[in-house]
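Labels A, B, C and D are assigned to the chains in the order they are written; within every chain, residues are numbered from 1.
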Amino acid sequence: MSRVALNYIYNENARTRRPIIINKEMGNKINPYLLKKDFPVFQDKVDGRELIYLDNAATTQKPYTVIEAVRKYSQQFHGNPHRGAHYLSVKATELYDQARQKVREFIKARSAKEIIFTRNTTEAINLVAYSYGMNFIDEGDEIVLSIAEHHSNILPWQQVARSRRARLKYMYLDEDGRLSKDEVKSKITERTKLVCLTHMSNVLGTIFPVREIIEYAHQKGALVLIDGAQGIPHVEVDVQELNADFYVFSGHKMLGPMGIGVLYAREELLEVMPPFLSGGDMIEYVSEDTASFAPLPEKFEAGTQNVEGAVGLAAAIDYLNSIGMDKIHQHEQDLTAYALERMQGISYLTLYGPTDLEERGGIISFNVAGIHPHDLASIVDLDGIALRAGHHCAQPLMKYLQLVASCRISFYLYNTKEDIDQLIDSLDRARSWFSNGTK
Amino acid sequence: MELSSIYTELIMEHSRSSRNRRLLEEKDREERGHNPNCGDDITLQIKFAGGKIDDLAFTGSGCAISQASTSIMIDLIKGKGKEEALELIDIFLRLIKGDGLTEEEEEKLGEAVVLKNISYMPARVKCAVLAWHTLKELIKS
Amino acid sequence: MSRVALNYIYNENARTRRPIIINKEMGNKINPYLLKKDFPVFQDKVDGRELIYLDNAATTQKPYTVIEAVRKYSQQFHGNPHRGAHYLSVKATELYDQARQKVREFIKARSAKEIIFTRNTTEAINLVAYSYGMNFIDEGDEIVLSIAEHHSNILPWQQVARSRRARLKYMYLDEDGRLSKDEVKSKITERTKLVCLTHMSNVLGTIFPVREIIEYAHQKGALVLIDGAQGIPHVEVDVQELNADFYVFSGHKMLGPMGIGVLYAREELLEVMPPFLSGGDMIEYVSEDTASFAPLPEKFEAGTQNVEGAVGLAAAIDYLNSIGMDKIHQHEQDLTAYALERMQGISYLTLYGPTDLEERGGIISFNVAGIHPHDLASIVDLDGIALRAGHHCAQPLMKYLQLVASCRISFYLYNTKEDIDQLIDSLDRARSWFSNGTK
Amino acid sequence: MELSSIYTELIMEHSRSSRNRRLLEEKDREERGHNPNCGDDITLQIKFAGGKIDDLAFTGSGCAISQASTSIMIDLIKGKGKEEALELIDIFLRLIKGDGLTEEEEEKLGEAVVLKNISYMPARVKCAVLAWHTLKELIKS
C-alpha cells in the first residue's frame, strides 16, 4: 500500500488561477485537489452534481490558462498568419511559430520543421497514410499493427494495404494484454515496411515498449509510426531518444483545445513525402498546370491554420511543464495502483489489462457482472461520474478479447483517490439495484 | 434524475424476463436489428394468423433498456393487427423523441410508457427504439 | 453619391455586448460604429494605434458573442461527442449537432446530413478532390476552373487531373474581370465533368453569376463546386436555389473561429463518395481487414471533431443573422461604391476589377504608382491600417493580369467610410514620401 | 514606428539609384535569388580580380527595401576579399535577425546599418536579406 499512499501537499498559491508548482522540497507529488482549482469545469456543479471526470482518454478538461490563451488571441491578436505585413498578421504568425517551437521542445524534436500541425491524431495518421503509405509502400510490403490499435491507426492502413496490394499483419497480445518479444519478432521481418503502434492502449492501459520495438523494427529496415494520442499526455516523450520515425498526437487529450493535433516526423522523411492537402500557403510558385511547394513545415499545412488551437496547445504545454511530466505520470501511477488494488478486491468486477504497474498507465477497462456497460455508464452518470462504455474505437481488440463492450476509466492530473472511492460506491449501488432492486 | 426513475422495477423485470426471449417453432418472417455504435443486436421472429400478429419473440443481446423495451413491445403488440401495430410503433417512437403524447395515446402504449424518461437520455434513445424500428421493418417487409 | 451616403442609425443597445438589431423602421442600414463595439479588437488600441482593419478577405475579427461561446463551451460543456453516455459527452454532442443544424439553416440545405465540418475551405476542397475527383473523374474528362481561383481551388484539381489523366481548362476573364457568357459556353462542354468556381474573386472582387453557370453546367451534364470562402460571409446563399453540387467555406472568414470550415454537398453525392479521412467515429463495424462506414455526415468526419470551433461558428451565424445578410451586403456595397468613387479620382492609383457595382463585392485590388505593394502594406501598417499585399494565393490570375503583386482592401460589416478616408490619407502620405521625401 | 525611421532617406535614395543596377560587361559568375512569397527576384553578377571582388552589380525587381539593400550591399562589398565579404554578410544577417552587434561590427557595415530597423518588421526581413543570401551563394559556389 505504501506506493499508493498519496502524500498531499497543500499550497497557498492554489487559490489563484496560476498553475501550481510543487517544490521538490515539499515532496515529489502533486496535489490534485489544488490542481482542480485551475480547471473551471470543476468549480461549478455540472448538471447539478459534482463532476467526477474519468473519461480523460476520450478528451481532457482545460485549465483557465488554456481557455484564456485562446480568448486573448481571439480578442487581441487575431489575423491570418503568413504573408501579411500588418501587425495582426505578423502577430498571428509569431504566435503560431512560437507554438510550433513549444511543441518541438516538448517532444524534443531536432527542428521545428519536423512539427506539422494537424486537426487531430486521426488526421495526422491519414496524412502519413496518404503521403507516405500511398507512395512508398509497394506490393508485397508488410504493414505491422498491434491488435490494440485505435480505429484511427487501423483504417488508414487497411486502405493503403488495399490500394498498394500490401499486407496487413497484426501483433497479438498475451493474456495480460502485453506484446511479447516473440510476437514482435515473429511479425516484424525483413518484409515489414512500416510498424504502427500505439504508445499506450486506450482500452487496456498497456504501455508498450516502444523504444525497444522501434529499435528492432529499424534493424529489420522498417519505419515506425507511434500513435501517441495516449502517450504524450501521460509520459515524458523524447522523440529523438525513442528514435520514432512518426509520432502523432492530439491537443484535446493533453489539456489543449480541440481542432489541433501534431504530426512529428523525421525531416528526411517529410522532405521526400509529397504534400497531402494542397492549396493556400503551401506553395512557392503556381502556374495553370503545375506548382512547386513551400519548404517544411508549410508544405504540409494547406489553407488557413488553426492558430488559436496552436496557441491553446502551447498554453497546455506550459501548464503541463509547470507541473512536470514526471510528477503527472507518478500521480497517475499512484491512482492506478490504488484503483487496481481496490477493484481487484471486488468480486463482481472483471478487470482487463496488465496488472503489473510497470507495464501500464492510468486507463482501466472493466465489466460489472450482470450489468451491460452502457447501462453502467448511464447509471454512474446519475452520480456525476463520467466514464466511457463501448468498444472504445478498438473493435478488433475487443473481438480479440471476446468482448462486445467494456467500461473504461482513465485518469489525469486532477483525479483523486476520492474519485475512485466514489466510483466504487456508485458501482456498488448499481450492482445492488440490478441484483435485487435496492440502492 | 434518479436511478429508480429510469431503471424502474418494471424495466428491470422485463430486462431479466425470458418469457419473450425464444425462437418461434413456426415463423413467417424474421428481422435482425442492430446498433452499430454499441455492437448489440436482436432478432425478431413473427407469426401471423388471420391478419393478426399471432406470435412474436426475440433473441439476441443488449443493454437492460433495449432488452426491456423489446420484451414490453412484444407483450403490447402480440395479438394486434398490422395497422394497429404500426400505429403503436409510431406513438412509441414519438414518446421517446420527447414529443408530448395525448393521454389517449399514452394509454394505448400501456406499460411501454415507463420508457418515457429515456427521452431525457439522448445517448440511450437508440436502445429504447431498436426493437420498435426492427418490428416496423418486419411488418412492412 | 446618394447611393453611397450612409444613413447611420444610433442605437442605445450598442453599449451592451449584444448583437445589434436594427429595426426596419429605423432605416434599412447598419451602423458600423455601433457594430464595432461588439468586437473586442476594436475596443483597445492595437500595437498603440486605432485599428483600421481592411484585410477581411484573409480573415475576419470576432465579436464577443463568438469568443464567449467558445469560452463557455470550453469551461462548462467540454466532452468528446458521440458514444459517451455521460453528461459532458451528451452535451458536446448536442452542441455539435445544433451547430450543424444552424449551418444547414443558414445555407438552406435540405438536410443536416449534407453539412460536413472540415478545418477550412482548403480541406473541404481537398476532400472533394480526393473522394469525388480521384474516384469519379476519368481519363479524358475535363475539369473547368476560372482563372480567378484561389490556389486552394487549383492545386487539388491539378493533382486530380494528373492522377486521373483528366484535362484542366481555364475560363479567362474579360478586361473588366468578368466571365463572359461566351467564355463560359466555350469552356464548359459535354466533356466537362466538374466546374470549380469561386463565388467572389478574392483579388478582383468580381461576384460571378454562379446560379447561371451552375444551370448551364448542369445542362452539359457537369457538376459544380462553388468556392464560397468569399461568398457566404458577404451574400445570402441558398444552396438549393443555387443548385450547387458542392459549396465550401471557412468559419474564420465569417466572424467564426479558426479551425472550422464546411463542405456542403448534395446528399446523393455524399452517399456514393467513399470516405476521405478514416478512423475514429466514422465507422460501423471494423474487423482486422475491412470496415463498414457510418451514415452521413459522420462518414466524412474522422477523429475527434472541433466542437468548440463548430460552437463558435454557430454563434457567428447567430450574430450575422441578428444583423441580416441583406443589410451586411448592402453596407459592403455602399462602402465599395464610396471607395471606388474616391479611389477612381486619384491619379496615382490603378484599380483592378469590375467597376459596375452589380457585378462585384467589397474587395478592391489596386496599386500605387512607384510603390511596391509590400512597401505600401508596411507603410500603411505604421498608420494602423491592415491591408494585404501580394499575389493573394491566386498566382495564375496575377500572371493573367500581368501583375507580380497588388494591394488589396476588403470590407466587412464593421468597416466605415472613415476607414476608407484614413486609408486614402495614408496612401497620400506614402506617395509624397516616396516621390519627394516628405510626408 | 515612424515612416522615416524605416524608409530612411538613404534607403529611398538607394532604392531609386541605378548606379549598381546593370549588367557587367565581363562577369565570372552570376546567381539568381528569389523570394517565392512575393515573387520578386534579383540576379547578381560578379567579377573577381586578384582575389578581390572587382565588380558586382544586379538586375531584377523587388520592393524598395530589397532594392536598397542590394545597392547598399554592392557599395559595401565591392573591392573586398572573399573572406571579408563573407564576414560582412554574416554580420549583416545577424543585424537583421535582431542580434545585438558590437560597435565595431556596426562600423564595419557602414551604411548598411540603416537597415537595422527592418529587424522589427518580421514580414520584411526576407526583403533585406535577399541580396546578401544570394551573394553568399555566389561567393561560395
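Methods note: a contact is a pair of C-beta atoms (placed from the backbone, for glycine too) under 8 Å apart; a residue touches a chain by one contact, two chains touch by 3 or more.
Please read all numbers here as calculations on a predicted model, not as lab measurements.
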item	value
Chain whose mean Cα position lies farthest from chain D	B
Separation of chain A from chain D, taking each centre as the mean of its C-alpha atoms, in whole Å	48
Cα-centroid distance, chain B relative to chain D, in whole angstrom	81
CA centroid of chain C to CA centroid of chain D, Å	39
Multi-partner residues of chain D (at least 2 other chains)	37, 39, 121, 123-124
Numbers and ranges of chain A residues touching at least 2 other chains	83-85, 89, 283, 285, 374, 377-378, 390, 395
Chain contact topology (line, ring, star, complete or other)	other
Chains touching one another, given as label pairs in label order	A-B, A-C, A-D, B-C, C-D
For the chain C and chain B complex, residues of the former touching the latter	82-85, 89-90, 93-94, 283-285, 292, 294
Complex contacts: residues of chain D adjacent to chain A	36-37, 39, 121-124
Footprint of chain A on chain C - complex, ascending	40-41, 44, 46-47, 51, 53, 55, 58-59, 61-62, 66-67, 70-71, 74-76, 78-80, 83-89, 91, 119-123, 125-126, 130, 147, 150-156, 158-159, 168, 170, 250, 252, 257-261, 277-281, 283, 285-291, 302-309, 374, 377-378, 380-381, 384-390, 393, 395-396, 399
Chain C - residues contacting chain D, complex	371-372, 374-375, 377-379, 382, 390-391, 395, 398, 404-405, 429-430, 433-434, 437, 439
Residues of chain D touching chain C in the complex	1-4, 6-7, 9, 12, 37-40, 61-65, 121, 123-124, 127
